[in-house]
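Paired with chain B in one complex and with chain C in the other, chain A is shared by the two complexes that follow.
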Partner chain A sequence: MILDYLFRLRALIVLAVLVITFTALSPAFLTAGNLTILVKHVAINAILAVGMTFVILSGGIDLSVGSIAGLSGIIAGGLIHSGLVLHPLGVIVYFHTWLVVAIALAAGAAVGAANGLLISQLRVAPFIATLGSMYVARGAALLTSNGATFPNLSGSPELGNTGFLLLGSGTYLGIPLPIWLMLAIAAAGVFVAVRTPFGRRIYAVGGNEKAAELSGVRVARIKFWAYVISGACAALVGLVIAAQLGAAHPATGETFELNAIAAVVLGGTSLMGGRGSVGGTIIGAFVIGVLADGLILLGVSEFWQIVIKGLVIVLAVILDQMQQRYALRAAAALRR
Partner chain B sequence: MKEPEFIIEARNVSRQYPGTLALDGVSFALRPGTVTALIGENGAGKSTLVRILAGIERPTSGSLVLDGETMTLNSVRDADVRGIGIIHQELNLCPNLSVAENIFLAREITVRGVVDKRRQLQQARELLARLEHPIDPSALAGDLPLGQQQIVEIAKALSRNVRVLMMDEPTSALSASEIAILFRIIGDLKSRGVAIVYISHRLEELLEIADSVSVLRDGRMVAEAAACEVDTNWIVEKMTGRPAGQAQAPEARDTGNQILRLDSLSLNAAGGRPLLRGVSFDVRAGEVVGIYGLMGAGRTELLECIMGLHPEAAGSVYLESRPLDGMDTPGRIAAGLAMVPEDRQASGIIQSMTVRANMTLSSLGRYVRTAWLSLAAEDRAASAMSTELRIKCPGLRYSIASLSGGNQQKVVMAKCLLTNPRVLLLDEPTRGVDVGAKREIHAIVRRLAASGMGVILASSELDEIRATAGRIVVMSRGAVTAILPAAEATAEALVVAASPSAGERRDAA
Partner chain C sequence: MKLRISAALTAALFALMLSACGSGPQPPAKKLIAVITPSNDNPFFKAEAETATTRARELGYEVTVNSHDDDAHKQDQLIDVAIANRAAAIILDNAGADASVAAVSKAKAAGIPSFLIDREINSNGIAVSQIVSNNYQGATLAAQEFLRLMGEKGDYVELVGRESDTNAGIRTRGFHDVLDKYDGLKLVSRQSANWSQSEAFQKVETIIQGNRNIKGIIAGNDTMALGAVAALKNAGLESVIVVGFDGSPDAIASIKSGGIKATVLQPAATIARLAVDQAHKFLTTGSTGAPEKQSIDCELVTPANAGQFGLFGRK
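Coming up: the complex of A and B.
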């Protein structure tokens, strides 16, 4: 029984060990300034990873999240910086900041919807479908800005589109907005996964698609919405990054999908689908963030950091396999 | 030194699976140059025995003796080296490889490490000619019709110069003329001293080809006799353990109005082969309709069609006079249908979820309060059902994997019942469950019917059908061959109506 709990809490234990180690080794680690930077970094990955958790729980994978983040940032940046040029009319339309945010989020959700349709209706393998949309979304971002960066996204009062930068630099009760966003997304994610029929059905689809279908679950619909959620989360990340930098760059978010998948896996969600939790994913994102931050503080070479991150991920999966075997044995013992 | 009398022997072999004892101290011996028919109902242990002899599985206890020497088979390769071959009921060809490549799979003819395609094609052609089937050896196996694929399987076994050949329902996909060729080949193999084990549900066919008959029931060898001394009645009797002709029907009940009507349901496989041919019957409230048929008769396909899993099927389903055409599975569940599928592991339970989550999956909408699931309401519904069906489990929050097969099956039934179905469909509801749970499940089925539900129970086990059904629909090759009230449904009548030849006769008519 104790072993079972240790296994279940393994991500949390790893996190605690990391925090204690880094606190002991570096006096700079456990300071308000460092922690704020750390959590702001974690927030980016954690928001992506929450969306990714739904996709992976449903038995899929989403490789397009990094590109969607790039695309949504570019769309927002373009709309604020140079507006929407309507050529035949010779007018340039500038949108209100809230509308810009809504459009960028909708664009991310639309890419997610395209993924969902490809996967659930045309039965393209999730890896391939989202690999394709990863390229398409990245290319669309590059085309939109012609490869350039949209600088100075502070907007202008006469166009009514100021305030975008607050998304990155604003604070509430002394805590930066991106961190609030992460908390809100995490809370909503946990709630949806645990306390709604949709969440339960995602687990069912990932656990056994055939059985879910025979139980009356509309499998295609569930998968579709998982990708839409992931796309919207990715778009939000793109907005936060653009707001933090005050500029939108079309290459934003490259390889972010890998960090998000790593957080999901470290958090104990099975890549086979059906098993895992949003809470675990948040812890996984913190493990990655704390590891990166601590190793920098200790002056470990950047190259070693990459090696260590890889080893931690593999270790996490080995532990996951051990836990599964343990759970199976425990279940078999109960049958007798 | 005297030649041993038997080529291969299984001595006192048992095989334990989680929850069931598939073989219980079975002894089975094969003489060279004889055909032994292995007979039994589904789940009697035939396939397990054959799989042990072919090295696919290892016995829990007991021993295998080859040419008088005790040996262990650790793999199919082991058996292959010793000249033991098997032709599976399900075809095991790689559809993406050519016929010749399939025949020589894992034993390719090579010249200096490179596959000699020409010689493989040549030898494959000769083998197929011997089988009187000039199939192009360079054709892709997946492009051949099923019957020809079966011939390729046989060629594959022949190419290995087997001394012992096991055939698990080799004729299920063959036409009458192909069967005649197969029988000639079997005769040829016999004369060359090959020992053959032949499993089939076609009783007449068995008696034609077999020299001796061995009958398994519930994992035990219950009878062995020379084929010339027995008839189909004897076989049915030994298979079911009850004199043929003695029906043990549940007491007759008053049944209510018609609640489900099937109107000429037809379904074709992807290749155009008919799976269901104009199936029509009705179900009344309070009635259990049994669907009896052998493997491949179309039982599962029929239930799947009723549930809307094959939108391409023709014909109509009416639930309480309301047509369900064009409705998907979730729609039909909402309308009042529910199904317990045949393969519990593959399509009944979700291994990664808890007992409770499995139970409530079909009826989640009932536990929503404002926008979220009320875990308390869910718990109440699940524990009430758990008590009603007497599910033994350590707790509703435990993984479903911690339950025995019988209790897992009850959870699947609970999931269906929580949707308050008007008609419950059960496909082989007691496959792989122990005897006690089997009896309980039968009692539950009778109780549900008594409460006014309509039940369709499909099974390949005579006992099960006769213990539950008030009326029995017999199917063969996708068609209904007989509809019998329980009182007239003797084991013999059912077996005769279910035989594939009954399906063929119906074709001719």
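Coming up: the complex of A and C.
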């Protein structure tokens, strides 16, 4: 029984071990300043990973999130920096900052919707469909800026598009906005997964698609929305990064999909779908973030950082496998 | 029956492909120069590719432009395509000092001269020219300016480029050959940010948590320097001295507005133009009139002279 609890809490235990280790080794680690920065860094991956959790729970995978982040950032950057040029009319339209944010989010959701349609209607395997859109979205980002960076996104008061940078550097009650965004997304994610029919159906679809279909769940629709959620989360991340840097670069977000998948898996969600939780994913994102920032504070070389990150991911998955076998055995014992 | 039809179709297709290979594409009316560089999402490589293209067209060549994305395998395929297209010359910013030797040799064997820009290969006599900016000289120049701005003392942080990249190593060596002689300077953190702006931003945010007293940051390229400036600005540490490397347009704009304090400009445009000129001379006279290995010095850009520089060259 105790063993069962320990297994369930494995990601939290790994996290606690990391925090204790880093606190012991670096006096700067457990300070309010560092923790704020750390959570702000975690927020980037956590927001992506919440979206990814829905996709993976539904039995899919989304490789396009990093590219969507790059695309949404570059769309917002372009709209603020150089406006929308309407060639036939010879005018340049500048949008209000809120509208820029909405357009960029809609673009991310649209790529997600395309993924969803490919997977649910055309029956393309999720890995392939999102691999394709990963390339298409990255290419579209590069085309939008012609490979360049859009610098200086502070906007100008005459055009009414100032304030974008607040998304990255603003604070509320002393806490940076990206952290509030992560909290909001995480809370919404937990609510949707646990309290809504949609959430329960995602688990059903991922657990046994055929059974879900036979019991009246509209599988295609559920899958579609999982990818839309993931796309919108990725777009939000792209906006936050562009706002933090005050510049939008089309290569932003490369390999982010792998960090997001790692957070989901560390959090105990099964890559086969149907089993896992949004809360676990958030803890998984913290494990990766604490590891990254702690090793930097200790001055560990980049190469070792990569090796250690890989080892922690594998270790967590081994624990996951052990828990499953343990749970099966416990269930069998109970039946006897 | 079905099987036989598909077999016949396959055979026909192969025959068609073979015949196409046999006759080969017709030599183009104009001579072709193939320009191959790393990804053009970096303004440096873009400037390089565009300058080479413009110059080659001015001299009356057809031009193809491709990117190998720092992938030696993709570079090899692009060289194959250049050979198949019977290019007259290849202008190449290569994908690795050792990994590119075979590809350049293959072009030479096919009778196509290669003119390397920006990065050398670890072999002599295969390429006709290897024109690079002097990264070591540039790094010492940046370090000397950094030293002057720091007043020869204080805590500093170094951001290194992708550590598998030759130039990242040469630059950090140049920095340390200058800075390590001064006991007053203390390197409190040295991290790789893989040439990336967002990675530098996050790493600097974390580093300053452990080291509130840092006085300066020296970065192996401008994008990392820009990421550092953004992080310092967020933390209210605008007085920290940041020095970069490359002389990108964004960095020069930042120097003008008081962000980055200095950078060194690699004359990418000058080098690309020189390579095309030498290719032209080689194709028309049989010799470039210059040694194979040529190194062009970098220039220091500061708030005082930032107005004199344009896209990777003097205006």
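Rule of thumb we're sticking to: the second predicted complex is superposed on the first by the 336 of 336 C-alpha atoms of A that agree within 3 Å, B and C clash if a C-alpha of one lies under 4 Å from a C-alpha of the other, contacts with A are read in each partner's own complex, and residues count from 1 in each chain.
Definition applied: contacts are C-beta pairs under 8 Å (C-beta built on N, C-alpha and C of every residue); 3 or more make two chains touch, one makes a residue touch a chain.
What you see is a predicted model, and the numbers here were worked out from it, not measured in a lab.
When the two structures are aligned on the shared chain, A:T252 is found in touch with chain C, with no touch to chain B.
Touch criterion met: A:F303 reaches chain C, while chain B stays clear of it.
Once the two complexes are laid over each other on the shared chain, residue contacts for A:T149 go to chain C alone; chain B is not touched.
In the superposition on chain A, A:T162 makes contact with neither chain B nor chain C. Of the two partner chains placed by superposition, only chain C is touched by A:S26; chain B is not. If you check the complex, the residues on chain A that touch chain C are 26, 28-29, 31, 33-34, 37-38, 40-41, 142, 147-149, 151-152, 169, 241, 244-247, 249-252, 293, 296-297, 299, 301-303.
Only residues 191, 195-197, 200-201, 203-204, 206-208, 210-218, 270, 274-275, 327-328, 330-332, 334-335 of chain A touch chain B when the two sit together in their complex. Contacts from chain C toward chain A in the complex involve residues 39-43, 46, 160, 163, 189-192, 194, 196-198, 201-203, 205-207, 209-211, 223, 226-227, 230, 234, 250, 253. Remark: chain B residues 18-19, 307, 309, 328-330, 333-334, 339, 341, 346-353, 357, 361-362, 364-365, 368, 371-373, 375, 394, 398-399, 401-404, 415, 419 touch chain A in the complex.
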